[in-house]
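Some notes on the structure that comes next.
Letters A, B, C and D name the chains as they come in the text, with residue numbers starting at 1 for each one.
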Amino acid sequence: MKVVLDPVHGYIELDEIVQELLATPQIQRLRRIMQLGFSNLVYPGANHNRFEHSLGTMHLATMLMKNLDSIEEDKKMEIRAAALLHDVGHGPFSHVTENIIDKYTRRRHDDVRDIVRKGEIKEALKKHGISPGNLAKHIKGETSLGQILSSEIDVDRMDYLVRDSHYTGVAFGVVDYNRLINQMHFYEDRLVIDYGGLKAAESLLVSRFWMNTSVYYHHVTRISEAMCSRAVEYMVENGELDPKRLRQMDDIDLVAAMRNSSGHGGELSKRLDARKLYKRALYTGLGEAGKGVLKYRDKIERAEKEIAELAGVDQECVLVDIPKTPEMLEMKAMIKTDHKIIPLKEASHFVSILQEAHMDNWRMGAYSPKEHCEAVGKAAKEYFNIKKATKQFKLSDLEKI
Amino acid sequence: MKVVLDPVHGYIELDEIVQELLATPQIQRLRRIMQLGFSNLVYPGANHNRFEHSLGTMHLATMLMKNLDSIEEDKKMEIRAAALLHDVGHGPFSHVTENIIDKYTRRRHDDVRDIVRKGEIKEALKKHGISPGNLAKHIKGETSLGQILSSEIDVDRMDYLVRDSHYTGVAFGVVDYNRLINQMHFYEDRLVIDYGGLKAAESLLVSRFWMNTSVYYHHVTRISEAMCSRAVEYMVENGELDPKRLRQMDDIDLVAAMRNSSGHGGELSKRLDARKLYKRALYTGLGEAGKGVLKYRDKIERAEKEIAELAGVDQECVLVDIPKTPEMLEMKAMIKTDHKIIPLKEASHFVSILQEAHMDNWRMGAYSPKEHCEAVGKAAKEYFNIKKATKQFKLSDLEKI
Amino acid sequence: MKVVLDPVHGYIELDEIVQELLATPQIQRLRRIMQLGFSNLVYPGANHNRFEHSLGTMHLATMLMKNLDSIEEDKKMEIRAAALLHDVGHGPFSHVTENIIDKYTRRRHDDVRDIVRKGEIKEALKKHGISPGNLAKHIKGETSLGQILSSEIDVDRMDYLVRDSHYTGVAFGVVDYNRLINQMHFYEDRLVIDYGGLKAAESLLVSRFWMNTSVYYHHVTRISEAMCSRAVEYMVENGELDPKRLRQMDDIDLVAAMRNSSGHGGELSKRLDARKLYKRALYTGLGEAGKGVLKYRDKIERAEKEIAELAGVDQECVLVDIPKTPEMLEMKAMIKTDHKIIPLKEASHFVSILQEAHMDNWRMGAYSPKEHCEAVGKAAKEYFNIKKATKQFKLSDLEKI
Amino acid sequence: MKVVLDPVHGYIELDEIVQELLATPQIQRLRRIMQLGFSNLVYPGANHNRFEHSLGTMHLATMLMKNLDSIEEDKKMEIRAAALLHDVGHGPFSHVTENIIDKYTRRRHDDVRDIVRKGEIKEALKKHGISPGNLAKHIKGETSLGQILSSEIDVDRMDYLVRDSHYTGVAFGVVDYNRLINQMHFYEDRLVIDYGGLKAAESLLVSRFWMNTSVYYHHVTRISEAMCSRAVEYMVENGELDPKRLRQMDDIDLVAAMRNSSGHGGELSKRLDARKLYKRALYTGLGEAGKGVLKYRDKIERAEKEIAELAGVDQECVLVDIPKTPEMLEMKAMIKTDHKIIPLKEASHFVSILQEAHMDNWRMGAYSPKEHCEAVGKAAKEYFNIKKATKQFKLSDLEKI
C-alpha cells in the first residue's frame, strides 16, 4: 500500500480509492487553499493547507473505524472518500470567502453536492460504486456513519486542532486524539464517547479554547480577513470578479486578481502583501458593549457607513467586525457511563465552565488605517453606545511580524 | 562550562558552586528518591527522581534570573545553590514518609536548615561565602528572591509539572514555561506575571489540574502510598526502624528494610513488590460524603480500627485515605496589567472555575484486600454515614500494570 | 521586547532593527517564496517559506553570538540584520528560478547587494548606521563575522536542515544544533568547532545526507522543478515574461503568469497544478552512466533536442536533469582539538565516508510524459551511451500524492 | 481492552495473556532492574527499567505482526508472551551481573528456559495453552517467528534504541521504527526488509552508532559497571553473596547487599552511591594498543594483579576493561530488492562504512582511584606494551554529574 509522510500523524496509508481521488485536480486544488487564511501573519509557521488537513482527517477516520465493530468494508471506503472530500467545496482562504459566496451566489456554503457529481471525482467514485448523494450526506453528518466526520466531536476538528497547533507552535493546544478515538463507539446509532475518554474529550475542549483565543480569533487574523473580504466584495461589486467563479479559484487566483484590481481592492491587496494592516480603533468585550450589540451583525455595512460619516473619513477606512458568540458544539457530545448517556457538559464540570470563559474572550472591533484610529474609535463608541472601555488588553502580543 | 543533558530541558550548564554541590553525597542521595513515589505502578515510565528534578529547578531558576534586572551575581549563585538543594531534606519516596517523619520526630517536614549546616554541603557553601541560614530562607520562600523557588508560581512546580508529564506520557499536561519565565518580573518586591503571560499561567493551572486527576491523585498511587506508609509505621511502632534515621535513608534503604520486616510490614512489602495492591472498598466524592467527612482527617487510625471492627476483619486490612481538599495556591499568583496588580483568579475567568473542577475530582477512599472489599465497603459507608454512592466512576482505567 | 512564536525554535525575540526590517515589503515578500519549491508534491507538509527560515537563521545567529566573546553590540546588530536579509535576493521558488535569472540577466545569483541599497531596507539600515556594503559582505561570508552566516557549518544550514525536517516529517534528519552552537568559537579569525561538538557536527552531516536523498534530490522534486524551470524559460523566450522582473516576483506572481501563458508554458502549469507530472524515462547513477556524463551539464538543451529527435517526439517532451556531484562543503569545517585545528573530515572517520555515500545516491534522469517514457528512455540511453541499467531502485516510494 | 500509557509509544494495549503475565511477581521484578545499569551517572534521566522495555517490545511485536500475513492468532499470542518475557532472566543491573552469573553458576546467561517453566508464569502460559519450551525458543530466535524478537534487526533493539534515546535525551539517536516495521516481511522463512525500508534500516544503524559512543560505551558507564562488577565478585568470593541467588535478585537487593558488605565490596558501594568513581589511568584505542591487546580479554584478573604490582598499589585499585570489538549484527539483516535478497551491508554503502567508524571508537581502559592514576597508567602502558598515547580525546564531556 502506498504511504505518504505527514508531519503530524506520521505515515498515512493510501488505498485505491484514496489514490484515485488524490489524483483529481479538485483535490489537488486544496494544496493551494491555506488552512488558516491569514493567521500566518501572526504565526509565521501557519502555512499549511486544506490538502494535508483532508489527508489527516481521512487518516483519523480510518483509525476510528478500526475500533468500531461491524462496519462493512464498502461503508468504510465511502467514509474514507467522504473524509478526503469534505473540504473540496471551500473557496480561496476558506472562511474568508464563504460569506461572499453565500451572499452573491445564494448557495449554501461548503456545498459539495455539485462538485462530487462532476468530472474526475464522479468518475473515481463511480468506479468504486460510491453514490455521490450518499457521500454528500456523510460529509454533512446526515447519516449515522457521517457522525465520524461531522458531529459534536468529529475527526475533522481533531485533525485541525492538532494540526493548527503543530504549525503555529501553540504547544498547549494538544488533543489526546489517540485516546479519544479509542474511546468512541456507536451506541444506539449515536457516536458516543466512553467514560474512559472523558479527560481526552476535555483536552479537546481546552485545546479549542486556547486555539480560539490565541489563533482563530486573534485580532490580527480578524483584521486581515476583514480586509481581504472587503477587497473581494469591492471587486465583485465593481465587476472585476465573477462570484460564481470563486468556488473554483484557489488562493493564488484570488491574490492575483486582487493585485490586478483597480481602486480599493488593489490598495487592500498591497496592504496585505506588505502587512500594512488596519489597526484596532475599537476593540471590546460583551461586558462593555452589551449584548445588544449583536443585533448589528446583520447591518455591518450600514454601521461602517455611519461610523465613517461620524468620524469624517471615507467609508473604506472603516471595517466593523462583530463575530458570532462562541457556540462550543463539542459540549453536546454524548458521554457513555455505566448507566446512561449524558452530554459532555454535564459529565464534566470543567467543560461546563469553559463556555463562560469563551464568552469572556469574545471581542468585537472596529478597524481602520492607523491615522484614523482615534476618530473612528470615538465614532464607533458613540455609534454602538459603548460607555467605558475602548480598547481592552490585547490577548496576545504576538503580532509584530 | 560543564554541561549535562536532561531529556526535558536539553543541555543544562553547571557552574562551579553547582558542580561542587553535585559532588556531595547528600545531593547524590537524591538520585535514589523517586520523584513520584509509587506512580510508576500506574505509569510505567515514571521512574524519575529528585536529583534530576533538582537540576531542572536550578536550570529554570537560572533562566528566570537572566530576565530579571539587576540581581547581583552573588545573589544569583545563592539562588542556584538553593534551587539545587531545595529537596535535600526529603525522605524516601518523598511525600510518603513526610508525615511519618513529622509525627515521630516532631520536626517540620522538609527541614533543610540542619542539612545545609553540616558536612560536605556546609564546606561547599562556605567556600563560596554562602550563608546556610540565608540559603534555607530562600528555599522556604522567606526572602524576596526566594519567591523564585517557592511561591504561588515558582520554578519548582514548573519543573515538576513538565517533568512528570514527560515521564508519565500524560501529554496534555504541558506548561508553556518558556513564555511564563519570559513574563515574570519583580514589581515592588513581589514576583509577578505580566499580562502577556496570562495564557501561559493558565496553561500551568490546567496542567496542574490534569496531573492531579491523572497522576497525583490516581487511586492506585494513593493506595500504594497508603500501603507503604502503613508498613513504615508498623516498623517504627515495632522497633524495626528508627524514625530519626528516615531523613538520611534513600528508597533502597527503605525497601530493603521493609523486605526484612517481620509481620505486617513484610507482608505489605511483598504486596507492593508483586503489585498485589489493596482495592477500593469505598471511593467517593465530597458530594456524596459531605464536607463533614473532612473532620476525620485527624482520626484516621481510629476510623480504620472501628471500620475493621464493624466489618469483622483485622485492622490491618483497612486503610482509610481522606486527602486534603485541593488548595490551588497558584490562583493567588499576581498578574500585572497596565494599571494594577490582580490575583490570577481575578484576571482569568478560566482559572477561577478550575477550583470547582478540582473539588469535583476530590475523592476519599477506604482500601482493603480484595476479599474483604465488600464487608469493608459496607462498614465504611456506615461509619462515615454515606447514603448514596459507594464507588464512583473511576477517573482512569490506566491501572492494570 | 517583541517576540514571535516559531514552531521550530519556540519564541524568537525581535529587537528594533529586526522589527523595522520585518516591516519592509522586501522581507514580507519572502512569506510567499516557498522554502522547498515543489517538495510539497512529495511531502504534503512542506509548505514553509523563506520568511520563517530567515527569522530562524537570525535567531540562531543571535544564540551563537551570545557564546562568542567580545563582539561589539553594533556588530551583533549588523549580523542579525544580515541573517534576516540573507535570502532577500531569491526569486520565486528559490532555486528553480536562480539559473534562469543568471542566464538571462547575467547577474550573480542571490545578489543582495543592490536590494539592500534601495528603498525601505536602505532606510532601516541607515537609521541604525549599518552600511549596506558591509551587510552584503557578511551575507556572502566575506568577513570574519560573516562565517556565522555563510561558511562550512553556518546557522543558515542549521536552520534549514532542522526546519525542513520539521515540515516534511523526515524525523531522522535531526541536528543537535544547540550543542553545535555551544561548541563554536573564533580561533585565529576562523570560526571553529570545539572537539566536544564533534558528534553534533556529525549529526548535521548525517542530517544533510538524509535530507539530500529523501527530500532535496527526490525525483519528484527534481521533475517538478525541471518542469517549472522549463515553463519559465518558455515564457521568457516567447516574450511572456521579462526576466529582469523575476527577482521582484513572488511565487504567486510566477504561478499566475504561468497560468496565463499560452502554449507550452500554460500546459506545464496545468500539469503542475494537477500534479500530472512527467515520469522517469531514464534514471541512473554514476556507476552506470560513467563520469563522462557530467560534461553534458553545459549542453542540456542540445541533449534534449537530440534525444527528442532520436525518440521521434517533440522536444518539449524531454527534460534532461544532470545534477552537480555532491560537494559536502561541511566536511571542510574545522575542528579544534587540544593541540591543533583539523578539518572535520579528518577528525571523524564517519564523516570521511559520507561523501562516498552521497556519490552513491547521485542520480541523473531524463523525464517525459508517461506515454513517451519508453521511447525517450531508449533514446537517452543511446545518446548518453549507457549500457546497463535504465531505471535504478527508487530511493523512496513517497511519491503518490 | 486494557491499555497502559508509555511515554515512548503512547497507549499500549494489553490482551488477556499479557495482563496475566504482567500480574506475576517475575515480571513485576523487572520494574526494579535498570535498563541501562549505571548510565544514569552520565545521563541523569536514564532511570528506565526492563519492565517498560518489555512492554514496549511486546507492543512493537504486535505492530509488526499486524503487517505480516497469515500468522495464526495463537502464534501471535505466543510471540506477544515471548516478547514480554524476553528479559525475565536478567540479573540485577542487567549486563553488569551477567558475566558473574555465567562464571559462578556455569549457566548460559539470560537463560529463561527454567524461569518460564515454574511458578506463576507457568500457570499463566498453561491457561492459554502455550508451551514454555516453544516460548523459550522464540525468545532465543530459534524459530521462524522468533526472528521478530531476536535477529539482526528485531523489535527488541528497536525498542531499546528509541527508549534509551528518549530517557537519555540523546536526540539524534532516533529510529524510524514505524517505517521499518511497515517494510518487514517474511520471505522464504526469513524476516527481511523491503527495499523501501532501507533508509529506516540505516537510521537504526546510525542510532546504534551514536548510542554506542555516547551512552553504552561512555567511559563513566564502563567505569561504574566495572566497579559494581568487582564489588559483586568480591562478595561472592568472600561468601557474602550466593551467586545462585543473583538471577532472582533485583537492583535493590543487590545494592542493599553491597552496602552491607564488609571490606572492598562495601567501599566500592559507598563510592558508587556518592559517585566517587575511579578515573581513567589509561584509555586508548585499537590504533595505539594494537589488536594483540584483545588476547588479554581472557586474563583480566592476572593483568590487574600484575599492573598493580608494577605500579606498587593494591590490586583492588586497578580495574582493567577490554571490551569486545563491535559486532554490528544489524549489518547482516537481509534487504529484499526486486530481484534478490542481499545483506544490508551490501545494499547500503553507508552501512558498510559504519563498522569502521565503530572500530575507531573502540576504547580499552585501566581505571583506578584518582590518586593512583599516574602510577597505574604508566604500569598499564608498560604491561600492554603501548608506545604512544595514554589517554585519547574523550568522546563526551557529559561526565560531571
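We adopt the following convention: a residue touches a chain if its C-beta (ideal position, glycine included) is under 8 Å from a C-beta of that chain, and two chains touch if they have at least 3 such contacts.
Just so you know, these numbers come straight off a predicted model, no measurement behind them.
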Neighbouring chains common to chain A and chain B, by label: C, D
Selected pair, greater C-beta contact count between B-C and B-D: B-D
Chain C-chain D separation of Cα centroids, rounded to whole Å: 41
Inter-chain centre distance, chain B versus chain D - centres from mean C-alpha coordinates, in Å: 33
CA centroid of chain B to CA centroid of chain C, Å: 50
Multi-chain contact residues (two or more partners), chain A: 3, 10, 397
Contact footprint of chain B on chain C as seen in their complex: 3, 10-11, 178-179, 182
In the complex, chain A residues that touch chain C: 2-8, 10, 14, 19, 22-23, 25, 28-29, 31-32, 40, 43-45, 47-49, 51-52, 55, 166-170, 252-253, 255-256, 259, 273-275, 397-398, 400-401
Partner chain C, residues of chain D touching it in the complex: 171-172, 174-176, 195-196, 199, 203, 206, 209-210, 213-214, 337-338, 348-350, 353-354, 356-357, 360, 393, 395-397
